[in-house]
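A, B, C and D are the chain letters, set down in written order, and residue numbers restart from 1 in every chain.
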Amino acid sequence: MIKAGIFGTTGYTGFELAKILWRHPGVRIQFATSQSQPGRRLSDLFPAGPDLPLIHPKEASLAEIDVLFLCLPHALAAPAAIEALKEGTRVVDLSADFRLKNPGLYSQWYGHEHPAPHLLVEAVYGLSEFSREELPAARLVANPGCYPTSILLALQPVLQARAIGGTIIADSKSGVSGAGRSPRQHTHFVEVSDNFYPYKIGRAHRHLPEIEQGLSLWHDDPPPIIFSPHLLPIPRGILSTIYVPLKDNWSETDLRIHYQEAYTGEPFVRILPAGELATLAHVNHTNRCVLSLTVAANTLILTSAIDNLVKGAAGQAVQNMNLMFGIEETIGLI
Amino acid sequence: MIKAGIFGTTGYTGFELAKILWRHPGVRIQFATSQSQPGRRLSDLFPAGPDLPLIHPKEASLAEIDVLFLCLPHALAAPAAIEALKEGTRVVDLSADFRLKNPGLYSQWYGHEHPAPHLLVEAVYGLSEFSREELPAARLVANPGCYPTSILLALQPVLQARAIGGTIIADSKSGVSGAGRSPRQHTHFVEVSDNFYPYKIGRAHRHLPEIEQGLSLWHDDPPPIIFSPHLLPIPRGILSTIYVPLKDNWSETDLRIHYQEAYTGEPFVRILPAGELATLAHVNHTNRCVLSLTVAANTLILTSAIDNLVKGAAGQAVQNMNLMFGIEETIGLI
Amino acid sequence: MIKAGIFGTTGYTGFELAKILWRHPGVRIQFATSQSQPGRRLSDLFPAGPDLPLIHPKEASLAEIDVLFLCLPHALAAPAAIEALKEGTRVVDLSADFRLKNPGLYSQWYGHEHPAPHLLVEAVYGLSEFSREELPAARLVANPGCYPTSILLALQPVLQARAIGGTIIADSKSGVSGAGRSPRQHTHFVEVSDNFYPYKIGRAHRHLPEIEQGLSLWHDDPPPIIFSPHLLPIPRGILSTIYVPLKDNWSETDLRIHYQEAYTGEPFVRILPAGELATLAHVNHTNRCVLSLTVAANTLILTSAIDNLVKGAAGQAVQNMNLMFGIEETIGLI
Amino acid sequence: MIKAGIFGTTGYTGFELAKILWRHPGVRIQFATSQSQPGRRLSDLFPAGPDLPLIHPKEASLAEIDVLFLCLPHALAAPAAIEALKEGTRVVDLSADFRLKNPGLYSQWYGHEHPAPHLLVEAVYGLSEFSREELPAARLVANPGCYPTSILLALQPVLQARAIGGTIIADSKSGVSGAGRSPRQHTHFVEVSDNFYPYKIGRAHRHLPEIEQGLSLWHDDPPPIIFSPHLLPIPRGILSTIYVPLKDNWSETDLRIHYQEAYTGEPFVRILPAGELATLAHVNHTNRCVLSLTVAANTLILTSAIDNLVKGAAGQAVQNMNLMFGIEETIGLI
């Protein structure tokens, strides 16, 4: 039985994680913390959720657990990671603190110095399908962002095939839970409802450097990318429509074969047959990433769907934990 | 041309009012204020809205206008009303400050002393259909609450007919704009979406004393009432389903005749034919109140639908203004 | 391992049932039928659903299974039940065919003769919490309707306490999946969205006689009841707000004690503490019924929330199956 | 007073048109037809709509009106147009029948011979901003499709500037009313709600040839275009995010100047200031098209928002009618 702790349980990601770990047959939740509401129970905040007591992080005994999940805002996660590692506890960080290898990029995009640059080398970027070799030995895992997960899983095979002939365009649409649980004007029900809008399009969103770093894992000189997020008036789910200019006249059939090979045997990645397109109905409330391929005007159009809270956050964190501890990768996940 | 000012333009009620007045052929908006965002334009906050400059309330020249609309929180409206009246400006107050005639009730339900008890006698309760006689001479109009409007318009005829034989039950359902525009946890899109819930049911909501006062206008000893509001996961609209135990075996036909007579010629109240029920689709974005009557088990079941922001707030305020200034009651309204 | 078959898998109830049975550790789905789309797979219709082949009902081998679930329209379920019982297969019928004990009532409300009146005596009305004694021996179970489940679970304790002093009013609100999956004008997205409306209020809905029959199980002369359903613009969930006039001055505290005793140890019924009210967030995607009690104006106000597709249909069917086969009642359910 | 008739009033487009014409001070609706529901009133189907009687098209007297609006399915509109023109009545056709100049393209995309190829030359493609010269004399106007309107208005200035250096990508998202009012599985509330999906992406949607024809109006050899529509879980609105590879290092500032000049004085087209992006909240329930410009990675990213039922259909039809009859272009429109 893996003993787990959760830091930051009352956001959407922390709650989703608590729900998954609660039903996971190989895990015991040793504690779940809340800075703002210690003493309450998780089911007070999420009435259908597990009836877990929330303790103040200062009361959490890091030495007693095998793994600590950090669902904290960036800059707060890194110090907690340092403390846990000191106690010999492994860490899965769901914040952005250890995703970017380059601390300069981090400070440029997040507006402050990196709080623990010495840990960046060892942190494993936990896009599970591509980090299975490093996870078993990892002490510290940087769980990927939601948009990067949907985009990188879609692009890896075509990048690896060296089939890209120009600027990639990722037009992504996300449900509102991606904006966090703190109430703000732009997440008020009346503002979101019946509306739809783009934000930070082009090359302005913090997930851009993470996506670019991901691409560079598989290509020394990856093509440029434009990334345009939009807000959907629904609670959850990300669908990215990605446009990849092709070189060398790759056909849809050849690309499909390539994708099928790349993801053969993957429990959570599914390539749809020709003529079908990814939808949020394929993936919401599951850890799946569903991909489709369409070629038109010498461009590969990928549609990639994930649940931002599951494969885009808590589900992938548990998938990574399963891999870290050498148990079946799919346990506790749908 | 009526010269109008608006205090508190950036909430949902203030914005709806600005939209209606902007298109009203007999009104010129002289100023629109915002405490928090002076210097911006209303269309910055509501992109499809009128392009009005927002000024700080201190810069508003009350003497220059004919009528001031107060879309302020309770306790803040009364002082502004006092100031306007001093300048000879008539006031339509959309807050709760002048609705309850009894200052003791006010302090009991709103938690503080009434800020201007001396004005309570003169304030006209502006349920337009029943205050046409007092409005032309009114200096100060208390615009009714949204729930009370939907319930009182439905109950007046059966109350006047002395047909009620027991406790009235008003089960009301409101869209989220009724909760105001300030972002709070319970108005976060993700919390509201796919959810539905009751709140302050029984005899616990602040609109209860206003409803009871309304009933007592038409009956010396009105029957007891239970009022149960619920939150609908939609932006706007109120539907109240009201259960009235009947005495003396009133039939649906007789009640219907009574209702039709009561509301003959009313431009904004519509009694549906037998077999039809009120829906939000009947009323949203209009100043209408649509009513249906059904009798079952010796109980009159009324359904009453209004748009909470129009007939339940800004629309009725304009209807009241039209009546105050002696112009056609329906001008500027749909 | 219980071998189960499903008739009528492509409606919302059939699909929900397939999802629950698919994950149920004690069940093997032997077949799942579809009259209209045999040869396809369930995941073609519900992309996140189980990858089950759909066969034509004529190809289903009834003798091979232990239990047959009928998710068919009324009038079609009864003949299928007859056939299954002939083969010695037990039946859980999710249609209305065996709910009403009185075939005259059935033909009055459903517009045709009862297709199998000889089976009505033996059919067990499967409101699980109140049929545990009969279920182990039952050959044929009539799974309750969604509205009746939410209302009867709420009313049983106060009825049994003989505390009711007048007409009960059940004001219920349901998500759209309760209207079935066949596309019709009134379930078109644009018609439902941003709307809310009552339908068949008073004593006009087919679930009324089922509710009255349920009440008569616990009271020789049950009080009259008014039942008013409404359509919520969300996919799932029922919340019933129920008004019960009290006699003998029952207090909220005494009623609460009574309810807590009535449901002590019940895995799927929860009485909320004083001051809390039921919401759909308490129950959606679970088999729970959550109840609250409030007393005002000598009236007990109950709020009762269930997921119409789970406790109101497929979940309760599985709960009943667990009880029929003598396995743990909660297996496979949340 | 322009005397207008409407053919096909009970779809979403026909209803929106009836609403606009009903309030238009210069128009009298002479008749409104419905093939399926003659004898009913429009307000029976759309309870907040105008109380217009619906007649059978056979009873419509075409000679009595000045203009006939066709809100019929393709193939049915053309014969009605022929008849009206015979009577000397001018026609605004909101179907696809007269949009494509090439009857071969029409039969390729619509699956049948063109029903009136002899009228194609004279039909004016009514993208109002670019057909003001032809509209006053036009007998027959082909009202543009909703997606083409959003895309062509966005692209005209950059196309005219000869600034495009590669394949254009239009990633469009539309509300459900664009799918029509006939109930079908994929417009069922439960299927759409909480979902989001692409359809007919690449070069597969019927609006593609119309978009390409539009581009060729302003460029002899227009660049290739990819067009990917998606379905938003909301009733109305289209937002197109359009990616235009630039040549010659056009800057955002230069492009912005170019756009502002192109649309100077246009009452219904608005170019947002730098840093702002188009949203549906800018345009829904108005006849506006709101555009934003962002340059990143040598690509112009346009966001273009319209209400699909107003500027994308009925509103533009009225704008065209105003221009045809020489009255103020903005009358009756917001």
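The rule we apply is simple: contacts are C-beta pairs under 8 Å (C-beta built on N, C-alpha and C of every residue); 3 or more make two chains touch, one makes a residue touch a chain.
As the structure is a prediction and not an experimental result, all values here were calculated from the model.
**Q** Counting C-beta pairs in contact, does C-D beat A-D or the other way around?
**A** Between the two chain pairs, A-D has more contacting C-beta pairs.
**Q** Which chain's centre, taken as the mean of its Cα atoms, is farthest from the centre of chain A?
**A** Relative to chain A, the chain whose C-alpha centre sits farthest away is B.
**Q** Looking at where chain A touches chain C, is over half of the residue numbers used by both copies, so same, or under half, so different?
**A** Counting shared over all numbers used gives more than one half: same.
**Q** Between chain A and chain C, what is the gap in Å from one C-alpha centre to the other?
**A** Taking the mean C-alpha position of each chain, the two centres sit 38 Å apart.
**Q** Mind checking the centre-to-centre distance between chain C and chain D? Centres are C-alpha means, answer in whole Å.
**A** 46
**Q** Taking each chain's centre as its mean C-alpha position, how far apart are chain A and chain D in Å?
**A** Centres of chain A and chain D (C-alpha means) sit 39 Å apart.
**Q** For chain B, what residues touch not just one other chain but two or more?
**A** 191, 193-194, 233-236, 279, 281, 284
**Q** Taking the complex as given, what residues does chain D use to touch chain C?
**A** Interface residues on chain D, with respect to chain C: 12, 176-177, 181, 183-185, 187-194, 233-236.
**Q** What residues of chain D sit close enough to touch chain A in their complex?
**A** 166-167, 169, 171, 173, 191, 194-199, 201-204, 224-226, 228, 230, 232-237, 239, 241, 243, 245, 277-281, 284, 294-299, 301, 303
**Q** If we count contacts the way the header does, which residues on chain D are in touch with chain B in the complex?
**A** Residue positions touching the partner: 46-48, 194, 279, 281-286, 288, 290.
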